[in-house]
Amino acid sequence: MSKKNEVSFFDGKGLRNDGRRLDELRPIELEVGVLDNASGSALIRQGGNRILVGVFGPREIHPKHLALPNRATLRCRYHMAPFSVEDRKHPAPSRRETEISKVIREALEPVVFTEYYPRTTIDVYIEVLEANGGTRCSGITAASLALADAGVPMRDLVVACASGKVGGKIVLDLNDFEDKYGEADMPVAILPHLDRVLLLQMDGNLTPKEFHEALDLAIEGSKRIYEMQKKALRDSYPIPDEPQEEEVVEVEK
Amino acid sequence: MSVTPSESTISSLARKRVEELLGEGKRLDGRELTQCREFEVETDLIGTAEGSAQVKLGKTIVLVGIKAGTGEPFPDTPDQGVLTVNAELVPIASPNFETGPPREGAIELARVVDRSLRESKIVDLEKLCLVPGKAVYVIFVDIYVLNHDGNLIDASVLAALSALMKTKLPKYTAKKDGTVTRKSGHSELKIQNMPISLTTGKIGESLLFDPSLEEEEIMDSRITMTFDSEGNVRAMQKGGHGVFTTEELKTLVSTAGEKTSEIRDRLKELIK
Amino acid sequence: MSVTPSESTISSLARKRVEELLGEGKRLDGRELTQCREFEVETDLIGTAEGSAQVKLGKTIVLVGIKAGTGEPFPDTPDQGVLTVNAELVPIASPNFETGPPREGAIELARVVDRSLRESKIVDLEKLCLVPGKAVYVIFVDIYVLNHDGNLIDASVLAALSALMKTKLPKYTAKKDGTVTRKSGHSELKIQNMPISLTTGKIGESLLFDPSLEEEEIMDSRITMTFDSEGNVRAMQKGGHGVFTTEELKTLVSTAGEKTSEIRDRLKELIK
Amino acid sequence: MSKKNEVSFFDGKGLRNDGRRLDELRPIELEVGVLDNASGSALIRQGGNRILVGVFGPREIHPKHLALPNRATLRCRYHMAPFSVEDRKHPAPSRRETEISKVIREALEPVVFTEYYPRTTIDVYIEVLEANGGTRCSGITAASLALADAGVPMRDLVVACASGKVGGKIVLDLNDFEDKYGEADMPVAILPHLDRVLLLQMDGNLTPKEFHEALDLAIEGSKRIYEMQKKALRDSYPIPDEPQEEEVVEVEK
Amino acid sequence: MSKKNEVSFFDGKGLRNDGRRLDELRPIELEVGVLDNASGSALIRQGGNRILVGVFGPREIHPKHLALPNRATLRCRYHMAPFSVEDRKHPAPSRRETEISKVIREALEPVVFTEYYPRTTIDVYIEVLEANGGTRCSGITAASLALADAGVPMRDLVVACASGKVGGKIVLDLNDFEDKYGEADMPVAILPHLDRVLLLQMDGNLTPKEFHEALDLAIEGSKRIYEMQKKALRDSYPIPDEPQEEEVVEVEK
Amino acid sequence: MSVTPSESTISSLARKRVEELLGEGKRLDGRELTQCREFEVETDLIGTAEGSAQVKLGKTIVLVGIKAGTGEPFPDTPDQGVLTVNAELVPIASPNFETGPPREGAIELARVVDRSLRESKIVDLEKLCLVPGKAVYVIFVDIYVLNHDGNLIDASVLAALSALMKTKLPKYTAKKDGTVTRKSGHSELKIQNMPISLTTGKIGESLLFDPSLEEEEIMDSRITMTFDSEGNVRAMQKGGHGVFTTEELKTLVSTAGEKTSEIRDRLKELIK
């Protein structure tokens, strides 16, 4: 996050470089059940992000010494395709990917009823196919849908959204340009109906007051995405014996 | 070191049933022996890539992204651009794929696709030279397998070809000393050939085109043949622990050549 | 791939006892919940390093050595020096640390310290440029954990800050083409901010500053907040498999900010 | 395989750059039982190729999870010495070596009676000491002798030879120069008395008709090498109670 | 070891570049029990060397196939901190570190009563924090104290010291400058009261006679360090019921 | 990390028998204690190498190939060529060798051979400089062990020396800026010393020259001493978990020195 003096973040009308208002999310499309071999899967497109998540398990774990006697092991990999970024990414895992895999796993741990499946593993593979800022949040949002699609019991859906500060203002859901040149970026993941924070990272510069504001905004934005998640699941699993809501359409699988 | 893989878990009973079906000229999914699965192509779906294509061949899904930049040429080909093919069998694609560095399966896949493209001279590498010996275009073809339902080679060749056909090269100005600076705009990557591969599986005495995963798991061997736009052979690769007779191979060169011609026509329709 | 670690061997009984104590506002080592352990700093103890500091935070010992040399800048920041943070959890520090390449714990530690330093602009990287695009100062901050008794992040930020404050850069003359030659003498590395992190552990409903190893082994989660000299937040990192409420986080930003201010004052006394 | 216009492959008499006719093999020397510690071994010199093969086993397998319940595991490594090529090869295995190890293993799989030795391994180590084109074929030819020397029961000897196209003509057993600058190279391995193809690779440019011609030529060449293999084995294991053929000589071991 | 013509090793009085006489050790400080988590530990400062050693065990061994049925496994790692040398050392283990780990382990093997602890491991971690010549010897001297501190039973303390040849003279305990530009360096480790050589390496140029002289000097120097080792242990473990010697002070732990 | 190797499977009974034999001054293969095995040398057998030699010492076979090219010098020795020694214990040589990166045994072997060559100044590295600081000859000495029957160090030193004695350097023209182009022809690499190593094994109280594999498997320790053409010691390396007395070492320096002189004379005969 290096602030350049020449950078301007807002147009004459106070709109952001991609035409959004300060508290506006990027356009989001969610699709559930997009892969055949995975136990569960989801695709998220959020602005310029395109991320595919596949979940396998609960299944037998190899090597066996990773098995836990009283719960399922959770394994999580956040991984970027070589062509997902401007300069080709080398296929070997970077330190950044290793850290993000860890914080995502830790965000999912409190949500999954791992105690139902002792000695097994639940594997969450997050493949970033195209990246344009905020991929860890998009990845968590999709991972949660993929877990639901796999039938893994969870306390609630997990949903994530970043807030931050650009050009002196607190904004929602930063894109890559805002992340790079803005003053602060703060990814947040929450359990929406319990209002619990599962992931929180921040880098940049915020006063304590700005932090309060940014946290509230990230949670508010997350809740909006939560509604989209629920709709995506409903669309994917239409319940025939209940009167169907109008917007339910058969999702391409 | 290459190691005999552990056997697939399919019972010999299942195999017997498949062989009986094949004896009657039928396949598990109802196809004829020389019938390939339908395929779809979606291009330009990755904004960060200079070219991209996703191919669905039956339920097999392969995404190829092209990254193009500049770099130094290889010392033995100072006046040629660099084309590199890489394949990742990411674990979302199959319960049997694992994280970690590429294994022999991914390496063989990348190398067979590489030879199919390179030997058919799909691009004129000499046109990708900016300053001889100092700066050339470097093109990465990254194969990303998203769902494995058999015949990754043919799906990958299709996706790589489609992605390259849609690739736009960033423009550069180059100084004599090899210093390169980006200038605005893109130019189309010129494709001078359309290599299409056809993989044939062998189960017992039966030869079947475009094997599905179910068929791959019991098949004895496979042979991939890549044909160029003129119908000539540009690459071959036999795989698996079985054998072919010379007659089988000679017959296949004719039937497979015709089939790839149909596939090439279909691809042209899909991504014109 | 990140994997659920195997559980600590501490019995649920032990955990229950700690929770009871915490219910009464007490900790195992007698501290109050918002009380950090005392720390000591020793600087300039490594003659081969351009800067060094060893911090003892309770029984946790972290040594940081700074190596400074020259190299090429990153292509996207041609006019800035390079600052790199690396952490090794060497096996003398804990029976649970192993030899081999750094694992996710060491990587997270290095990256959180890196962000704490970088985001607070502890050094002006543009002043570390020798020849734009060709030659810049390259500064390695190597974190070496010598004894692990909990809260490695805060101890490492303290040690890294102290070492950088004592760092002397070798002087160089640089030609336009990027050729650099060492000349005699050193100059002080100018520090323009003093980032201090505070890590808070959560056990049940209790929040406790600067958790010890005993506490870390049973805590549900932790949150690290790094404050700059003005009391603003520069970096945060939540860890662990538990959760925080928004109220907890908002309250912490105030109390932790004050606490880091005390720590900063104490550090100034220790290494002036 | 990049065709250079200036390259000439034939002299005035139509002979190749090393003096051979189109369908002529390079000079081949085969020696069996050249290593003491290996269960079986062979050395092949074919033109500028010098390749040593050692076979170990059937023996216990480590790690044990590689053991197969109903057959021996076959392990195969094709490996080039750093000094075996013009530009020193880095000792770490290249992608090329990985692929060649696989196709060689797959060529040997149908030949070895692996079902006689369940839960064991048979290890085939191919060390290329000097390379001058067609090393995978020379390696297979020698590996087959080393397996025989180790007493591993086989359906037949395996033998391999490349054919290809240079200067517009179908030729046998390409050397490095022909492989690099010619139009096509096609390594073939066969079970000679059953006429079965065990390995087939090709890169370059062949019409279907040229492919037929090249395949026939490779098989014909392989069969000539097969005779040399049998002689090498006879020389190495003279049978004293039968009237010895004249050419049987004691091989240096 | 490349001799430069311009290099001068002695001043007008015949003293070495750091003011020492030919047979003089660098100043040595030894501290025992400096780490909390290790079973035993020691810090050595010898001239510009600063080396920390931690010992763990005897303890359970992972992976288990390394367990030996009739003795403890000894594992030893000599490792340099990135900032311990003039040009930053990459954290990955170098070939030099691998070799030194081996010769140090082999120097400790004859000394530890490994037969008392079958199927366990004793791990010796040598961390070079600052290096200025002769670190393997300093490391051994400290490792022996750390083993004693861990209560691992030993036949005797091990002690090490290099001798060598600089400017034509046999000298004791070479510093980095003398090692780099001198004519020979010879690290030696011994069992002092049995007069046995546990480690011996040499590179440079010595006549047989000079070798005799250098070996005697290294052993003589080692014995002086041995006395310091014993004092460090006494200081660290004051025996209260015996009349304490005056110099016994409580060591900071 | 170096780890105690698992014990050889040789019974203590076998060891006892060997010790008894040694007590009578006899060895398993009939040699006297200070008798080395005969050796043969074949040179120039690898056409792609700039120099090569295969040494058979008893049944131990070591092949050394020399590759010579150009590259940059090390920063601290800008006017010297680069000599690099590498060893591979390829798995054909012993049922106990494995594929994979070199382990401590191979690394120790390479480093002891390296020191034997380097410390005896076998080649004048300054004569291998083309353009100071920019371009020098880079010589790779690759040790390839083909059959392991004991005493790899001595066989490798012999093979490396022989290969270097037969090495022909390709000629280059070099410009001031370090640009180097191959010109036709070769020149002989000039050898200015002939280092010979002798390794002595110790079993019980007996010292035996040139231990065979059988002896290595039960011996307590070994000491390698490398002597130059003048009879001076250039390198030493003790190995194994046993000890030597100072008297043993002092005596060995004399007897081993004489023995290497005989070996050197024999080598001169073989490859003149």
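Chains here go by letter, A, B, C, D, E and F, matching the order in which they are written, and residues are numbered from 1 within each.
Simple rule for what comes next: contacts are C-beta pairs under 8 Å (C-beta built on N, C-alpha and C of every residue); 3 or more make two chains touch, one makes a residue touch a chain.
These numbers were taken from a predicted model, which means no experiment stands behind them.
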{"item": "Pair sharing more residue contacts (C-beta pairs) when E-F is set against C-E", "value": "E-F"}
{"item": "Where chain B and chain C are represented by their mean Cα positions, the distance between them in whole Å", "value": "48"}
{"item": "Distance from chain E to chain D - Cα centre to Cα centre, in angstrom", "value": "53"}
{"item": "Chain centre separation in whole Å, for chain C relative to chain A (CA means)", "value": "27"}
{"item": "Centre-of-Cα separation between chain B and chain A, whole angstrom", "value": "32"}
{"item": "Sites on chain E at which at least two other chains make contact", "value": "77"}
{"item": "Chain B, residues touching no fewer than two other chains", "value": "1, 99"}
{"item": "Going from chain B towards chain D, every chain in order around the ring", "value": "B, D, F, E, C, A"}
{"item": "Parts of chain F lying in touch with chain D, wherever the complex brings them together", "value": "45-49, 52, 59, 61, 63, 65-67, 69, 86, 88, 90-95, 99, 101-102, 140, 142, 144, 146-149"}
{"item": "Touch list for chain D against partner chain F, complex", "value": "35-38, 41, 48, 50, 52-54, 56, 59, 77, 79, 81-88, 91-92, 123, 125, 127, 129-132"}
{"item": "Interface residues, chain F side, partner chain E - complex", "value": "1-4, 6-7, 77, 104, 107-108, 110-111, 115, 118-119, 221, 223, 228, 231-246, 249-250, 253-254, 257"}
{"item": "Of chain A, residues touching chain C in the complex", "value": "1-2, 66, 68, 70-71, 73-77, 95-96, 98-99, 101-106, 109-110, 114, 186, 191, 195-208, 211-212, 215-216, 219"}
